[in-house]
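One structure is given here, and the rest of the page talks about it.
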Amino acid sequence: MDMRPPQLTDMPLDARYSAVRAHTLALAAPLSDEDCGAQSMPDASPVKWHMAHTTWFFETFILERMEPDFAPFHPAFRVLFNSYYNGVGDKHPRAQRGLLTRPAMAQVRAYRADVDARMARLLAAELEAEQRAVLEMLITLGLQHEQQHQELILTDVKHLLAQSALLPAYLDAPRAVETAAAPVAWVNFEGGLAEIGHAGDGFCFDNELPRHKQYVAPFQLASRLVTNGEYLAFVAAGGYFNAALWLAEGWDWVRTQGIKAPFYWHQDEQGAWTEFTLHGAQPLDLDRPATHLSLFEADAYAHWAGARLPTEAEWEVASASTHLQQMFGHCWQWTSSSYAPYPGFQVAPGALGEYNGKFMLNQYVLRGSSCATPDGHTRATYRNFFPAGARWQFTGLRLARRH
Amino acid sequence: MDMRPPQLTDMPLDARYSAVRAHTLALAAPLSDEDCGAQSMPDASPVKWHMAHTTWFFETFILERMEPDFAPFHPAFRVLFNSYYNGVGDKHPRAQRGLLTRPAMAQVRAYRADVDARMARLLAAELEAEQRAVLEMLITLGLQHEQQHQELILTDVKHLLAQSALLPAYLDAPRAVETAAAPVAWVNFEGGLAEIGHAGDGFCFDNELPRHKQYVAPFQLASRLVTNGEYLAFVAAGGYFNAALWLAEGWDWVRTQGIKAPFYWHQDEQGAWTEFTLHGAQPLDLDRPATHLSLFEADAYAHWAGARLPTEAEWEVASASTHLQQMFGHCWQWTSSSYAPYPGFQVAPGALGEYNGKFMLNQYVLRGSSCATPDGHTRATYRNFFPAGARWQFTGLRLARRH
Amino acid sequence: MDMRPPQLTDMPLDARYSAVRAHTLALAAPLSDEDCGAQSMPDASPVKWHMAHTTWFFETFILERMEPDFAPFHPAFRVLFNSYYNGVGDKHPRAQRGLLTRPAMAQVRAYRADVDARMARLLAAELEAEQRAVLEMLITLGLQHEQQHQELILTDVKHLLAQSALLPAYLDAPRAVETAAAPVAWVNFEGGLAEIGHAGDGFCFDNELPRHKQYVAPFQLASRLVTNGEYLAFVAAGGYFNAALWLAEGWDWVRTQGIKAPFYWHQDEQGAWTEFTLHGAQPLDLDRPATHLSLFEADAYAHWAGARLPTEAEWEVASASTHLQQMFGHCWQWTSSSYAPYPGFQVAPGALGEYNGKFMLNQYVLRGSSCATPDGHTRATYRNFFPAGARWQFTGLRLARRH
Amino acid sequence: MDMRPPQLTDMPLDARYSAVRAHTLALAAPLSDEDCGAQSMPDASPVKWHMAHTTWFFETFILERMEPDFAPFHPAFRVLFNSYYNGVGDKHPRAQRGLLTRPAMAQVRAYRADVDARMARLLAAELEAEQRAVLEMLITLGLQHEQQHQELILTDVKHLLAQSALLPAYLDAPRAVETAAAPVAWVNFEGGLAEIGHAGDGFCFDNELPRHKQYVAPFQLASRLVTNGEYLAFVAAGGYFNAALWLAEGWDWVRTQGIKAPFYWHQDEQGAWTEFTLHGAQPLDLDRPATHLSLFEADAYAHWAGARLPTEAEWEVASASTHLQQMFGHCWQWTSSSYAPYPGFQVAPGALGEYNGKFMLNQYVLRGSSCATPDGHTRATYRNFFPAGARWQFTGLRLARRH
């Protein structure tokens, strides 16, 4: 199975809608209804919930506003599949999404089909220009939103399958062989007054705006991501037992939770390392980028390696360079930047204004994209964000240092 | 659907085995695979887990010991479906049983079929008399064990369905109409030196033995259970807000958890009461016995009513009386007796010795049986037990007082 | 310093009042005001709080009822020093008693002196016979209550001092040398129908009443308590790592809290054992009774030793025997009996009725008395009680088995 | 009592040492030994601990390195009074500092006197120039460190006294009358490329370095702090019940903890507001700056007022302006800036390197200084920092908005 959707560029909107929506179904195809219902931790959601919530988004923010004679597919779904929008009303408790055995998967599939049919009618209807512009903007947002959940489907399924003693594979096909990692090179950037943030007409999220000036001092960036082999050297050197390498909160986290290696790594009694993947348990591939690292681990590794994490401005400035590899499509890359509003950031009115702004606290920015990110969902200005202890996403690191 | 199995008395063992095993499947029949996988709280288990664990019991305690050339159906199941037997080895964490989307329901059904076939072969085999006696004893125990889980399937499914905003019914059929509750009468018992515990050749659990003497002072027992109507009067009188009625730990429980009514009761904005049942939400039936009460609530009610809970010895002594109604088949009845070993109690050697003895602390005995108890599973000497705060079982109360 | 008060028997009530009250001050004498203010855990209370609460008891239950023109010493004290009497009104949160730096110790001493003076006036006043009887009954209860807190002062101070890296001694004097433990003998008791509970005119708590019949099967009791040396053999044999010996809740407790030895035992790097005592850290004395054991540990030890804990009825029946040593004055002795009301138990009306009855759940009875129990506070019918995990009291065990 | 120390500028180092050390004793003077021992929450420390820890700092980082024939005052103090320096070794658990009734206050005073005497000898000794420079640098750091704890003594004592139902005053003198708050004005700043961070020879903490360039867009800053009166309008307008105003984590904090007003505010049954102060409970003074606000509250208020919090760079750039009032000496002012290393930040080698860097995560910067900050401890480049939910410090806010 291809985890990535077809190329979406230049498709008309209705075709793009169909392609993105179909890709969500494709991601669920290898899973049973039972697999789709379980929630392995409060941070993760069942696949069924992702499938319903992304549909709820179209129903609530588009159909409810623009469909003549709107009637909800099911009145209870407004509450059941609201994620965090206070402006929409009540929400089902996040930690209990795994208890929603009703509605059944079949009903959720029917919900998707129903909303898709109504969306198709709406798209085909004659609308005034302004209304059409709003519709196209909202559909684009809805598709971007669904693509975010497509990545979460993969990370959440991986986390769920890892709970089972059977360590089942999501994908039957064997894992592709990774080529040997190239030696790392340090690429110089002169810095200076830079423009940061999204420019141009294409879609972006509100948190990528406004484009604004930032002063960036000269710096160097590693040409590629840190590999499993490099990270293993840190583990072997006792990195998890050396307080001097860790942020205070990170050290507390390591000690309290007894953490000794990246999230999906496992060392058997003979000392051999495996990592759990979407292809099941696999020998640790020393050439692949290290992933499923918390910010704490990324920061401690950088400290140990005599380097540091880049800021998000450094990463964005550097992203145009042709000397950097693995910027996209491998792992999200932790930065040292706290997730904060850009100068002049404006929150949209209404419930959609809750999309990004209210999370700008105690989270850290990741840049790039991962192996699980849908293709059309990648931008150099994209700001992903997670708390410092999150490990179930495909998160890795690229080193930075002073020039 | 009949929640009760066919009458098992006088059936030959192989027929009884088939009947009990088939009844478990019948209980799961109204449920989807999704329903069967979810775990609504750590105290409850998924139906799938109950189906597999009862099968594991036969495989581990019978086939593994007695089957020639024993090979496990699946090596991982020994850990996955062990409930609490330290003597058998590792266990899957109790609170994470809802994450076992693999094995799939289909595989668990295959597991049941495989073990049933092997059990049938073993039962049909020629065995020495002593071995056959052991086999029959163990099968009887396994069937009693499975019947306990049949009751838990119903209480756990009820709890799960109650989590859904849709409040779905487990049973489609309408609820039977309850006849008007008879006036309560106080039945006298003279007390004296009594024999308590199981007698005779029939099956009993180890905790019902040995039969022994206890002195019981004269007492009275109410002729029937406390009804919803009577309990509602306690609620209306502010019983949940009067500290003087409650045990200290009960008062803490009420305050901390904000408890104001029995577990499945709900009062709508107009003040009308409904109760969630296996038939879905229903108007509160004032004539039915109050159920899903914790020991705290049962004790506070009794205090308020100028009575007390019976001891388990009083209950057992009285059980032979013809003047008492609703002793079996309605609700388990809380007693004031802490669950403790009878004088001379012996723990069986090996892992089976963990069946009852190690739980004899901080739990309280319930007597009788409930509407969810399989018919062949009822005895006057039966000792059910739960912690004082448990409410998801069909638990009610019968009042006692001094003679 | 003598931890025990002068003999109180046959003293007139006013002299007894003075003697008991003075003993509380004597217990606090080796401590600084700082020592008296700290609370080392929610279960323990600061010495200052004990001193004020016992005084509050006399003020609230006697002076407030019987003193002409009663005015409280300080209006806020009614809340600050109420322990658990809902009938009296609000309470200061139990876990925050260590934050009561105001009132200062000097003010608490003044509170004691003021109440003592008023009590002396009341005792000297002319009262009608019935009123005098009530007064004498309440003073007796207040003194018994204060003696209970005298024991708690010692156990709570021991717990507090054990938190300090300095391991300071409460008592300067060297610890008395213990004589070698005698070999244990098994003493036979024939059992039968026995009378249990307090008899006669002397004081007893409500929970020792009414005297009633119980049938006790034949049993044996060990002639003395289990010693440190015997318990050390259990530790050395891996008792804390053998699930088969433990109650399920006990095994959970051992694993979750990482418990490997009795509460105040410490093993140094050379393997030598010390125990923290009121005389500071001392070499483990193998001849003394093992103490500071939870019920879990006592039960596991008994299991390992092929014996069991006695019931409280067995203990009380046996207490008249001349063949048993160490029944009183060494350690409270865990029984297997859940703390429950005796048949016919009556709760006193009003707030004083909260003294014992509301705690009769999930606690276990201890019999005898300890080295910290005031002399006049010992009875064969005395029922002490604590939850199964409590370890900071002087709690040990005496073995029982079938005859 | 004057909460502020004498002016320290231009004092010779030995006089400065004496003045700062004496001021700590002066702050403890209104308190009893009992007051000094209690710890009201894990975030706060007992005064005794502050007194000992600041002394430990001089003993560990100066005397241990530079004193000939160094011997510790007490070997256990190295552990007991270590706050968070992993490089120094073990630490007493932070949440149990209130249990350190030993050493007694008298011993801690003796510890201070002993270290002061040894420090005086060291300062008077003949040293090589380089050694003297190191000594002077370390003493300066130690005094700055002690001044930080002087502020904490006041905030921690305030928190402790607020726990008591007696609401005692730390200071007997009546509270000074505040003059009427001036109308707020918006002061314009043009922004541009600015130099941020400490410059010059004077002392600064490592986190104020290196001085570096930042681009700041044009902005406006309010001429004074938000007052109690203004904040009360937010409370009265239902600000605490309007999800749209809050960061997601802040809304969760408000709901979970039931927060409805600033930390020390209390509304009586007639609706009148008081605030607890170091002078005891006082009527809410509408003209004073609002204080004891969390970042969540400051941010929600700013949102409600159509403004935002300043960044720390904006605050620092603006601090030279003569148009701004209440920049120092009233309340610490929350900024929207996450506490992060400045570009090129270097951690000092050894345990002293733990001073600031390891806390640079999930904390937010506050600028200015408060009424509790010692006078010589104020700089425009000073970076104070606390987690977003901290409320027991003197924390307020100044509004910012776009130019």
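Read from first to last, the chains carry the letters A, B, C and D; within each, the first residue is number 1.
By our rule, a contact is a pair of C-beta atoms (placed from the backbone, for glycine too) under 8 Å apart; a residue touches a chain by one contact, two chains touch by 3 or more.
The chain lineup, named per UniProt: A, B, C, D = Iron(II)-dependent oxidoreductase EgtB.
Just so it is clear, the model here is predicted, and its values are computed rather than measured.
Participant: Applying the touch definition from the top, give me the chains sitting in contact with each of chain A and chain B.
Facilitator: For chain A paired with chain B, there are no chains in contact with each.
Participant: Cα centroid separation between chain B and chain D, in whole Å?
Facilitator: Computed from C-alpha means, the inter-chain centre distance equals 58 Å.
Participant: On a C-alpha centroid basis, what's the spacing between chain A and chain D, in Å?
Facilitator: 38
Participant: Can you tell me which residues of chain A touch two or more of the remaining chains?
Facilitator: Not one residue in chain A touches at least two other chains.
Participant: Taking all chains into account, which pairs touch?
Facilitator: Chain-chain contacts present: A-B, A-D, B-C, C-D.
Participant: Would you pull the chain B residues touching chain A in the complex into a rising list?
Facilitator: Going by the criterion above, the answer is residues 32-38, 40, 76, 79-80, 92, 96, 98-105, 160-161, 163-166, 168.
Participant: Where on chain D does chain A make contact in their complex?
Facilitator: Residue list for chain D touching chain A: 84, 86-87, 193, 212-215, 217, 243-244, 246-251, 295, 336-338, 340-341, 343-344, 358-362, 388, 402.
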